[in-house]
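Same chain, two partners: chain A is paired with chain B first, then with chain C.
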Partner chain A sequence: MASTNEEILAGLAEIVNEETDLPVEDVQMDKSFTEDLDIDSISMMTIVVEAEGKFDVKIPDEEVKNLKTVGDAVTFIAKAQA
Partner chain B sequence: MAKTVVITGLGATTPIGGDVPTSWANALVGTSGARSLTEDWVQKWDLPVTFAARTAVPAADVLSRSEIKRNDPSAQFALVASREAWKDAGLDQAEIDHDRLGVSYATGIGGVNTLLDAWDVLREKGPRRVLPMTVPMLMPNASAGVLSLEFKARAAARTPVSACASGTEALAIGQEMIRSGQADVVIAGGCEAAIHPITIASFASMQALSRRNDDPASASRPYDLDRDGFVMGEGAGTLILESEEHAKARGARIYAELAGTAITSDAFHITAPDAEGLGATRALRATMVDGGFTAEDVVHVNAHATSTPVGDIPESVALRIAFGDHMDNVAVSATKSQTGHLLGGAGAVEAVFSVLALVDHKAPVTINLDRQDPAVNLDVVTGTPRVIKDGVAVSNSFGFGGHNAVAAFRTY
Partner chain C sequence: MSPTLNENPLREHSRILSVGHFSPDVIVTNEDVCQWIDSSDEWIRQRTGIESRRRADAQTQLIDMAEAAAREAVERAGIQASQLGAVIVSTVTFPYVTPSAAALLAERIGATPAPAFDISAACAGYCYGVAQADALVRSGAAEYVLVVGAEKLSDIIDNHERTISFLLGDGAGAVVIGPSDTPGISKSQWGSNGAKWDAIGMTHSLLDLRDIAVGAQDDPSMLAVAQTEAKLWPTLRQDGQTVFRWAVWEMAKVARKAVEDAGIEPSDLVAFLPHQANLRIIDQMVKELGLPEHVYVARDIKESGNTSAASIPLAMHRALEEHPELSGGLALQIGFGAGLVFGAQVVVLP
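For the complex of A and B:
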């Protein structure tokens, strides 16, 4: 079932919080995973794998490098669900 | 002249307390940490043993969400115990050279829960869902690595793995790191979190676990005629080891001296102890040599004493051979009667108790000892804590594989 962008953002924020202890409110659409949220490559892959499970989508490994911001991930997941 | 190694900080999370003061207070009065397990898998697999001694305070109550997610439970316990020890030693307020800060942190089994949980994920959801942190979490050196990161310990981070002797071996390695000049301070200890249907099934299959499912609190009964096996425990213990000169220079409080240690191996049987206690005897004697003390100096022994029918006797034989008739004057405590068996964490937690016994001049009680096995010729403390004098406290740990490790602490 397709989720709204708000639902995807909230779900991603929950995953990021569990992985990094960053407050969910810090996970905003314009934030860069590496620059703003200080997420390393292992944590990024963890977030990707858990997002796949949570939103029932596939995020190919080669796509991960294009997910620079939280917004990029939300957009990708929304499209993949459509 | 070898450097004198002292203990300046203590930390623990055990089945009888989430920290050292609580664990020690409960050890003195005699409190069992064993409880019936409530997990679904107990019924699902119809396990022959349905209880264990989980930590009194779950790690999730004191660590952050991410610390729980990114660490195997064994490393979670290591973090809890080591943060307490670090602060207890005043190191949170001290300026030290982190290039000369080491870690010697043991486990018997490592991240077995992480490994088997990941195996379940693989089978049920496929390889994509196996998380990238799986291997860094399950590796036996995970705790040493995590502690090295946490406290910026850059001298070396080492991981002795010698089953139930591991925690005591970690002290021996930490002592050597300081004596050899590699480090001024070493975070030493051991952890375990191996309560899982696989380990319970395996230990039960070898008839090593108590089956007192109806009365878990009475199940761990070292030296008692009716003992029928050990109780699986979990948790961690940490001791801050420090060169005497370093401790004095920063004005640290010194609990006791780590006088001596020794490690030997039986080369007898992969799981059974040598019935004559020869390997343990050699370890005890070597500890006396290493620590520069005699049998007459010993005031207290925290015994390995796991409550298995075959395991408890050879240790008592070894103590009699090594310390002779002086054992009549030594207060022996078997604190696994209360904590259960923390496997790779056992030696570390029992070292914490041994140090506190010297500091408080009190040997903790052994519970559930109703009828002492006549084959065990030891003065075991029961009922109320025993007053002990200044002197040497000895802590024994023996592990599958024929590993014997002994540590001796001296009143400072």
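For the complex of A and C:
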């Protein structure tokens, strides 16, 4: 079932928190995964795979590099669910 | 009526009888690596778990390391090398396309005229070798089979690149596989995925190297340019993110299937011996597999680095040296790497 952007953001924040211990409130749409949240490439892959399971979408390897900000990921997941 | 052919009498079971190892003397620390790439000890430890890796000096060749590991395994098996019915070397770093490392190794250890061949299955090479040896012993084609995983990866790296070179070490591990009264090696889960052929591999082929060398006869500056652009000697590269994802989540499925097909539960294992690719991969796999606390998890990568085909037998050797009580217990071993290829079995530890 399609989720709202707010639901996707909240779900992603939980996944990021689980992987990195960052507070969920730090995970905002405009934050860069690498520069603001300091998430390395390996953690990013773990987050991607967890997100695939949580939102029932496929995020191909070649797409991951385009997901620079949390907002990019939310938008991609919302479109993939549509 | 044509005569009936004789066939090898089949055997019911095989097992690993012994393990041998060789780790070279040169210790390359993270500080050493940071002379070549812009990084730090902390960064490398955090992302890979590696504290140091061992590399062979110029005088120590791959075949020397393979020989040392093989001799230890044969001695510990309590057999003579002349009893070996096959010699298999898994490697991607023997510096001759042909003849094989295995034929030379068989001669060096006194196993001639045993059949001898190399396997090119990168970091899955040792598990491919175990699958082959198990089949050879149980089919009756051989009584004892030597499987060696040996790599001198330092010959095919570019110290200044940062996708894979800083992970890699040199070394050799060997096992002797022979007949058993009880099952000692489970059905192998092994396979390939050539759709990801480019995910780990060499920068270019030997033919490209030849073309540069031939071109340099007319224009010697080509050699310097190629050297500067790291296009002369082919070296390893990987797409780390793609490999990490495949190694953890796809390989966890393979590992689960190996355990399931062995007819056991994860709680029956005493050890998990995954290919030592990256500590983050190992830890994530352990999480995905939900292995119980009592299962020993090999983390030899901390001091050995990633030694490709040698990593599992090296990790097995360390596990048994440090925890001899694991002997006789069940271990899940899984190798995965360039190809992409993978292999996994549950084995009774020697």
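To be clear about the criterion, the second predicted complex is superposed on the first by the 82 of 82 C-alpha atoms of A that agree within 3 Å, B and C clash if a C-alpha of one lies under 4 Å from a C-alpha of the other, contacts with A are read in each partner's own complex, and residues count from 1 in each chain.
Simple rule for what comes next: a contact is a pair of C-beta atoms (placed from the backbone, for glycine too) under 8 Å apart; a residue touches a chain by one contact, two chains touch by 3 or more.
Given the structure is predicted, the values throughout are model-derived calculations rather than measurements.
The superposition on chain A brings chain B into a clash with chain C. Of the two partner chains placed by superposition, chain B and chain C are both touched by A:Val49. Look at A:Asp36: by the touch rule set out above, it reaches neither chain B nor chain C.
In the superposed model, A:Glu18 makes contact with chain B only, not with chain C. Applying the stated contact rule after C-alpha superposition, one finds that A:Glu63 touches neither chain B nor chain C.
The contact surfaces that chain B and chain C form on chain A in the two complexes overlap at residues 42, 45-46, 49. Listing the residues of chain A that touch chain C in their complex gives 40-42, 44-46, 48-49, 61, 64-65.
Taken in their complex, chain A has these residues touching chain B: 17-21, 42, 45-46, 49-50, 52-53. In the complex of the two chains, the chain C residues touching chain A come out as 46-47, 239-242, 244-245, 248-249, 278, 280, 284. If you check the complex, the residues on chain B that touch chain A are 64-67, 69-70, 125, 128-129, 131-133, 136.
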